[in-house]
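Below is a structure I'd like to ask you about.
Chains: A, B, C and D, in written order; residue numbering restarts at 1 for each.
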Amino acid sequence: MSGAVFVTVFTPLAGALLLVWIRNRNRAGWLNVMVSASTFAAALALALEVARREVVAGGGFRVDAFNVYLLVLTAFVGMTTSIFSRPYMQYVCATGKTSARGMRLYHVMFQLFIFTMLLALATDNLGILWVAVEGATLTTVLLVSLYRTPEAIEAAWKYFILCGVGIALALFGTVVLYFAAQHVIDEPAAGLSWSTLHAVAPQLEPSIMSLAFVFLLVGYGTKVGLVPLHQWLPDAHSEGPTPMSAVLSGLLLNVALYAIVRLKMLVDGALAATDTPYLAGQLLMGFGLASFLVAGLFLHRQRDIKRMFSYSSIEHMGLMTFAFGMGGPLATFAALLHMLVHSLTKSAIFVTVGHAAHIAGTQSIEHIRGLIRTQPIVGWGLLIGVAAIAGFPPFGIFTSEFLLLSATMQSQPWFTVALLVGLAVAFAGLFRHLHPMVYGVVPAGQQPVPANMIPVMVHLGLVLWLGVSIPVFLAHWLDRATGLISGGHLL
Amino acid sequence: MTSSGALLPAALAVGLALLSTVVSLFSARAPRVLRTLVMPLFSLAGLAATGAGLAALLDGGVSIAQLPLGLPWLPWMVRLDALSGLFLCVIGVVSFAVGVYGRGYVRGFEHGRDPLPPLGGFAGLFLAGMLLVVLADDAFLFMVAWELMSLSSYFLVAFHHDQAANRRAAFLYLLMAHIGGLTILLGFGVLASFGGGFAFDAMRGAELPFGWASVAFVLAFAGFGMKAGLVPLHAWLPEAHPVAPSHISALMSAVMLKVAVYGFIRVVFDLVGQFHWQWGVTVLVIGSVSALLGVLYALMQHDLKRLLAYHSVENIGIIFIGLGMALLFLATSHALLGTVAFVAALYHTINHALFKGLLFLGAGAIQHSANERDLEKMGGLLRRMPWTGLFFLIGCISISALPPFNGFVSEWLTFQAALQAWQLDSGVLRSLVAIAAAMLALTGALAAACFVKVYGVAFLGRARSRHVRRARPVPFSMLAGQGVLALPCLLLGLLPTTFIGLLNAVPQQVLGHGLAQATAHGWLWLTPVSPETASYGAPLVAAALFAALALGLWLMGRGNRRVRRCDAWDCGFAPPEPGMQYTATAFAQPIRRVFGLLFHIEEAVEQQRDGRLRHHLRVSDRAWGIFYLPVTRVVENAARQVARLQSGNVRIYLGWSLATLLVLLWIIA
Amino acid sequence: MSLEHLTLLQQLMVVLAAVVLFTSFVLLEQARLVAAIHAFAWQGVLVALVTVIVAASGRHTHLFFSAALTLGLKALLIPWMLHRLVRRLELDRHSEPLRRPALVIMAALALVIFSYWLVLPIVQQELIFTRNIVAVSLAVVLIGLLMMVIRTQAVAQVLGFMSMENGLFLAAVSATGGMPLMVELGVAFDVLVAAVLFGVFFFQIRASIDSLDVDRMNRLTERVDEQ
Amino acid sequence: MTLAAWGLALLQALLYVALAPLLAGWIRKVKARLQNRRGAALWQPYRDMRKLFGKEARMAHTASLLFRAAPYIVFAATWLAAAAVPLVATGLPTAAIADVIVIAGLLGLARFFLALAGMDVGTPFGGMGASREMLVSALAEPAMLMAVFTLAMTAHSTNLVSVVDYQLNSTGMLRPSYLFALSGLVLVAIAETGRIPVDNPATHLELTMIHEAMILEYSGRHLALMEWAAQLKLLLYGALLANVFFPWGIAQGAGMGELGLGLVVVMAKLALLGAALAVSETVLAKMRVFRVPAFLNLALLLALLGLLSHVILEVGA
């Protein structure tokens, strides 16, 4: 029973309640940064605690090796994004895209969103997990339509409807899960506690569990953006304000995938004795591969820069899903690492893209030209960020993809061909659009803007560090998480 | 970290390269830094690498170290043995020359619009990457270094990014490099899953069945071949190499391709460690085709750097002919002959690094002083820049495989290996080797023709444009850089026995036996197989050549030595205009007619508005139509089909969710 | 408690469940928005009744509370809100007949049968009764989704969404005797917020494309060349 | 390698230089006779040479240093190549220094500078000649190598002396490969030495000439050296054909009598070859430049056939 969890989770909520009353948008921006910073500090404290004791549990929360690093990551990305968003939203407000009310809404919702993320990660109760993920939708949907353009409203509507339906299905899955649990656990209140269920997983009725898993997979899978449930994702990313895109891509998708993996652990336990023990894994592999390949092809037809990178997010989520589905220590480790480096890199890219769009005054790719001439730091940031996301060493994504490919080569060699093709296609898709944007001559009237690239540098620096050498403590965390998920260790 | 002495200079080299990267960040403020600090550091790194390589070659031992980097269970390991030592030397010498040359060359960029840090910084990373590739002792570090090399060189290719063509070239280069990297990675994956680990030692221990071994071989061959520029995977090479700044082009063409050769040797000869004649045939065929097509396409070019790039394809082809024969002979248990072919390939690797670097530096000098890459506008440069002319001539003679320079030695060795084909049992293999030898001979002759064209059009005759007539001589540092490469071209031609004695450590270590007979008759005679079979007294030939020259000059000198200058006679026609000279295209026209089938030729005569006729000729690579465009078409179509998913109507999206749900429920029930 | 008493309750529950299913058919078929809203309200009432019965059957007393919650939320508040919205959006005369009603009904029936077939493998004896209820609620959920697919009217889609929620709730109540209170509160809160947000969106959409026809929202698509 | 052997080698080298113009003269004479002319005396070439050496050399203003150095390089390279081909005796240490590949290389070096010299002055004809010369050589050189390789493979050595020795010692067996190689080499020799039907040494008709077009700007001693080098080349090829395919009569020892006999025999063979060449040149007409590749492809084909028929028919099982 520890306070760190509570502080970590509820600081953003408090911040949100505080921000409701702040009218001065400048001060609100600063407060936003401070709240996020303190959340991050609390998360670090929590991490230390978890490092000392394997598991921190109590008050309906349960923090183990798997979710602690996601908690820290979430808090960290939240902080850097808030740092970026302070000046950026000032600029947005200055351009008149949104009003003072909009700004307030933005700040409140930002903190609420972080709160739901942390809650979903930290809770032990699958019901609360559902509530939190649904809450994430509700908090972000208004931000997607913040600019009130027809596109924005359309995107928000699609986001709302699709995720609402998905999440409803997830709730049905949860109910069915609870239904299955009731015949094993006598004390009904504990029937949704993940730890309890995990303990009794082998006794759960397999057929009901697989039924439940399908609903949960479709439900949370919608949030992860698995093809063919992904359609909301590019719209929401491209039309919302850039900081929102950064956290959506960097955090929300992770959390949804996290939920799926947690549930997969339960289902694997329940199905272990049946004749289809790997059902969940196979489903995940199928969805992952489909998303990976399809998203890679989508990249080739993009006209909007943020849309493009949201498709690349789908691609990477597909890769992780595939890895988790494949199971086995190596693949799982790779997937966990990939979660980490992908959200760091992708949020950095979105921040850079925000500046790029600011420079060009538009998000459409064919009007963004010659960035490294206009503003070298932004141009190079984008170039290097994309190189990192495309899996070039010495950045961390290369490490995780290297591990993933070798794991695949060991367990299912023939899938490597698909992975190879997919990576190549996605790579081509990214760079064919990136090239004219960063290189070439500067179009008339394209001016440098006051850009705050420090978050980007920090993120990319971290990714670089992870690529060159993974610090021991992190390696141990990931390894413990690997043990939790796959039952095997690497170290 | 257990390090051993021989590795220290190598580590020093890498460190210096990285240091040059760091330093060059300051060149944004002070451009002079690039010239005064970065380039010297670069050449120092080259020196250190050369030293380390020589040390490794001389003692022939193996030194291993483990870096405190990488994954906890997969640390980065480095290893310095004879093979890597040899390639360290190659990298080192060329980059030393490039560093010296660069001092003068980068001055031209100081007033350009582009910021300088990328130029120096990525050059340093590029060098570091190549060094690490050669040093790596586990697949992880190897891949990291490999991709680092590709990525940094890509940034250098994209340095002049104003023209869309250059951007396209850079994109194509990075794309193919990435794909190649992935294939190599998969190849390692195969080895690792049998050897149970990514350390090279584990892979050496792996016992692969023929099927999987062939898979690994094909993957490695495809990946490294793509980097080396073997036909049909060469398309990026003639696009990317000319685009980069010339000293970088020199590095790429002269060194990076060799790193690919190193990778191939390391994986196939060392790690897989088993030889099959099927592999040999594959490599031999691809190699010969690359050699012939490379030189033919080179003949058709009139952009000097593009032409040189195509010659890289040719020479890589020759190297792989050697390697293919080595595989063939080793597979049929003719160890000695395999070694001869292997050594021939290695020797040609060194040679090509030297003279191709030299030629690219020369091209850079021309670009620097005349700002011209198009042969059609050059002419008479020998009078404007005599030293560059001399060095370039040396390069041309070497690459045309003419005695007494180095190119001839390796070609001679390759022929010697091929001439032992009669020892093979299967008539098919024998005739295959014979045909390969024929193609090699044809290639050599065509290369000579091509460089007569280059030198004759560029340096001889009369200037075909004003700015070339005004070309100014290049600074000393650039001449020195060329000289540094020209001298070894001569030395390797004069003293093959010495260098082969040095090389011997490599086959000793990789194949287990060297060329015992190489110097059976003393250092004057090179006798790779046996003194009876063949011998080449390079020093004596050179000596006799110079003696005969001296004699001739002396005899003539005694008589009237004065020469009267007059107008060209030209069969008594009016004194010819520069425009009447044979152009590069005209020179190659007969050959274009003879080999017309191999090119994709668009020729047209169109009338312009002012009524003048204009001849328009475009010779392009058939590989595009055959291999590349179909792929892009497939991807585009697939993307169009997939786009239907994103139809824009929320109800259809909901339909997708419903369908997915039902299908899944149906699956599990 | 005596057996037949229980069976009576069970019979009652089965009947109610069947009626709930019927209401969602009505919902699916209903052309006029207002009438659809009323049908939805009735569905809410029925679900609340089921909840009461389960609560009355003993063990889960907290279900009375959630029954009240359901009644207030699903039967009164949300229908009222939607009604108001419809009036303010001048949609109360709006009617949108189905294009191929027979086909839709077929599909819906197929879904019902599918959901029964789906729960068949759940074999434990004491589950037979609840599993049928689960089948019904699953059918309600799927029909709600189907309704969202075929209705081009934003409000109608929301109705479909809400009836999905009803189906969920039905399942939760009848199969498991309700979720833990904490969760229920959270769910209810989310539903409420969702309803409010839907209201907000109606006006936003209306402002942007002066209609609530979702088929007219297709700016964001990848099919450039087909357009 | 005894001193005597080296002396012999030197002697042979000098012999080449001395005999080269004679062969040229002989061919001219025979041709003249076949055309019912008296023709110039046998030693006319020597006279021309002396005259040219006596004249002053002229150079175009636009000519560079390379133009001046080329004649010496061409001559030296050709001479060296010749010095490695046994003429009268087989005991030739130079053959161990330079085997057939090196000979081809040296000839290539000579050709390289010849062509460069042609392009140096910057006249249209020079470029034309260089371009055509390189075309011819590009096809002829591989053919020559292939033909020689056939022998080398048979003798298991690329050293000409050992090839000749092998020929002498092997019992006269009929080899299909030799037939092909010989005919291929003959065609190559005609092309490389610029004789009809590929080129016409006696014409300056602008559009048909190849070799002459390259040395068009030369005069005086430079021209003399160039001509001499050409004659050396002719003799070299003659000796190659004569001694490698029909080595009988060549001196294997170093005895005076043997050497004398060898000299006589080789001169006889060369005279025969020269006569044959003259005859062919009188009956054949020069072909268009773009028919030449067909001619050379035939040579290449023959040479390759020779090699293949060797590796397939004559080696191993």
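Please note the rule applied: contacts are C-beta pairs under 8 Å (C-beta built on N, C-alpha and C of every residue); 3 or more make two chains touch, one makes a residue touch a chain.
Since we're looking at a predicted model, the values are computed, not measured.
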How short can a chain-to-chain path be from chain A to chain D, counted in steps between touching chains?
-> 2
Busiest chain-chain interface by contact pairs, anyone?
-> B-D
Name the most central chain, where centre means the mean of Cα atoms.
-> B
Far-end chain from chain D, centres as C-alpha averages | C
In whole angstrom, what separates the CA-based centres of chain B and chain D?
-> 36
Centre-to-centre distance between chain C and chain B (centres being mean Cα positions), rounded to whole Å | 69
What whole-Å value do you get for the distance between chain C and chain D if each is reduced to the mean of its CA atoms?
-> 100
For chain A and chain C, let me know how many angstrom lie between their CA-based centres, rounded off.
-> 31
Multi-chain contact residues (two or more partners), chain B | 640, 643, 645-646, 650, 654, 657, 661, 665
What are the residues of chain C that contact at least two other chains?
-> 118, 121, 145, 148, 214, 217-220, 222, 224
Multi-chain contacts in chain D: which residues touch at least two other chains?
-> none
Just spell out which pairs of chains touch, all of them.
-> A-B, A-C, B-C, B-D
Interface with chain B, chain D side, in the complex: residues 53, 56-66, 68, 72-73, 75-77, 79-80, 83, 96-99, 101-102, 105-106, 108-109, 111-112, 115-116, 118-128, 130-132, 134-135, 137-142, 145-146, 149, 152-153, 156-159, 162, 204, 206, 216-217, 221, 225, 289-290, 293, 300, 304, 307-308, 310-312, 315-317
Touching residues on chain A, where the partner in the complex is chain B = 157-158, 161-162, 165-166, 169, 210-211, 213-215, 217-218, 222, 227-229, 231-232, 234, 279, 283, 294, 297-298, 300-301, 373, 376, 387, 390, 392-394, 398-399, 402-403, 405-406, 408-410, 413, 416, 420, 423-425, 427-429, 431-432, 435-436, 439-441, 467-470, 472, 475, 490-491
Contacts from chain A onto chain C in the complex sit at residues 60, 125, 127-128, 130-131, 134-135, 138, 141-142, 145, 148-151, 153-158, 160-161, 164-165, 168-169, 171-172, 174-176, 178-179, 182-183, 188-189, 191-192, 205, 207-208, 211, 234-235, 238-239, 298, 301, 303
In their shared complex, chain D is touched by residues of chain B numbered 379-380, 382-383, 393, 397, 400-403, 408, 411-412, 415-416, 419, 421-422, 424-425, 427, 430-431, 433-435, 437-438, 441-442, 444-446, 448-449, 451-453, 455-457, 460-462, 521, 525, 531-537, 540-541, 544-545, 548-549, 552-553, 556, 559-560, 562-571, 576, 578, 580-582, 586-591, 593-594
In their complex, what parts of chain B are in touch with chain C?
-> 640, 643-651, 654-655, 657-658, 661-662, 665, 669
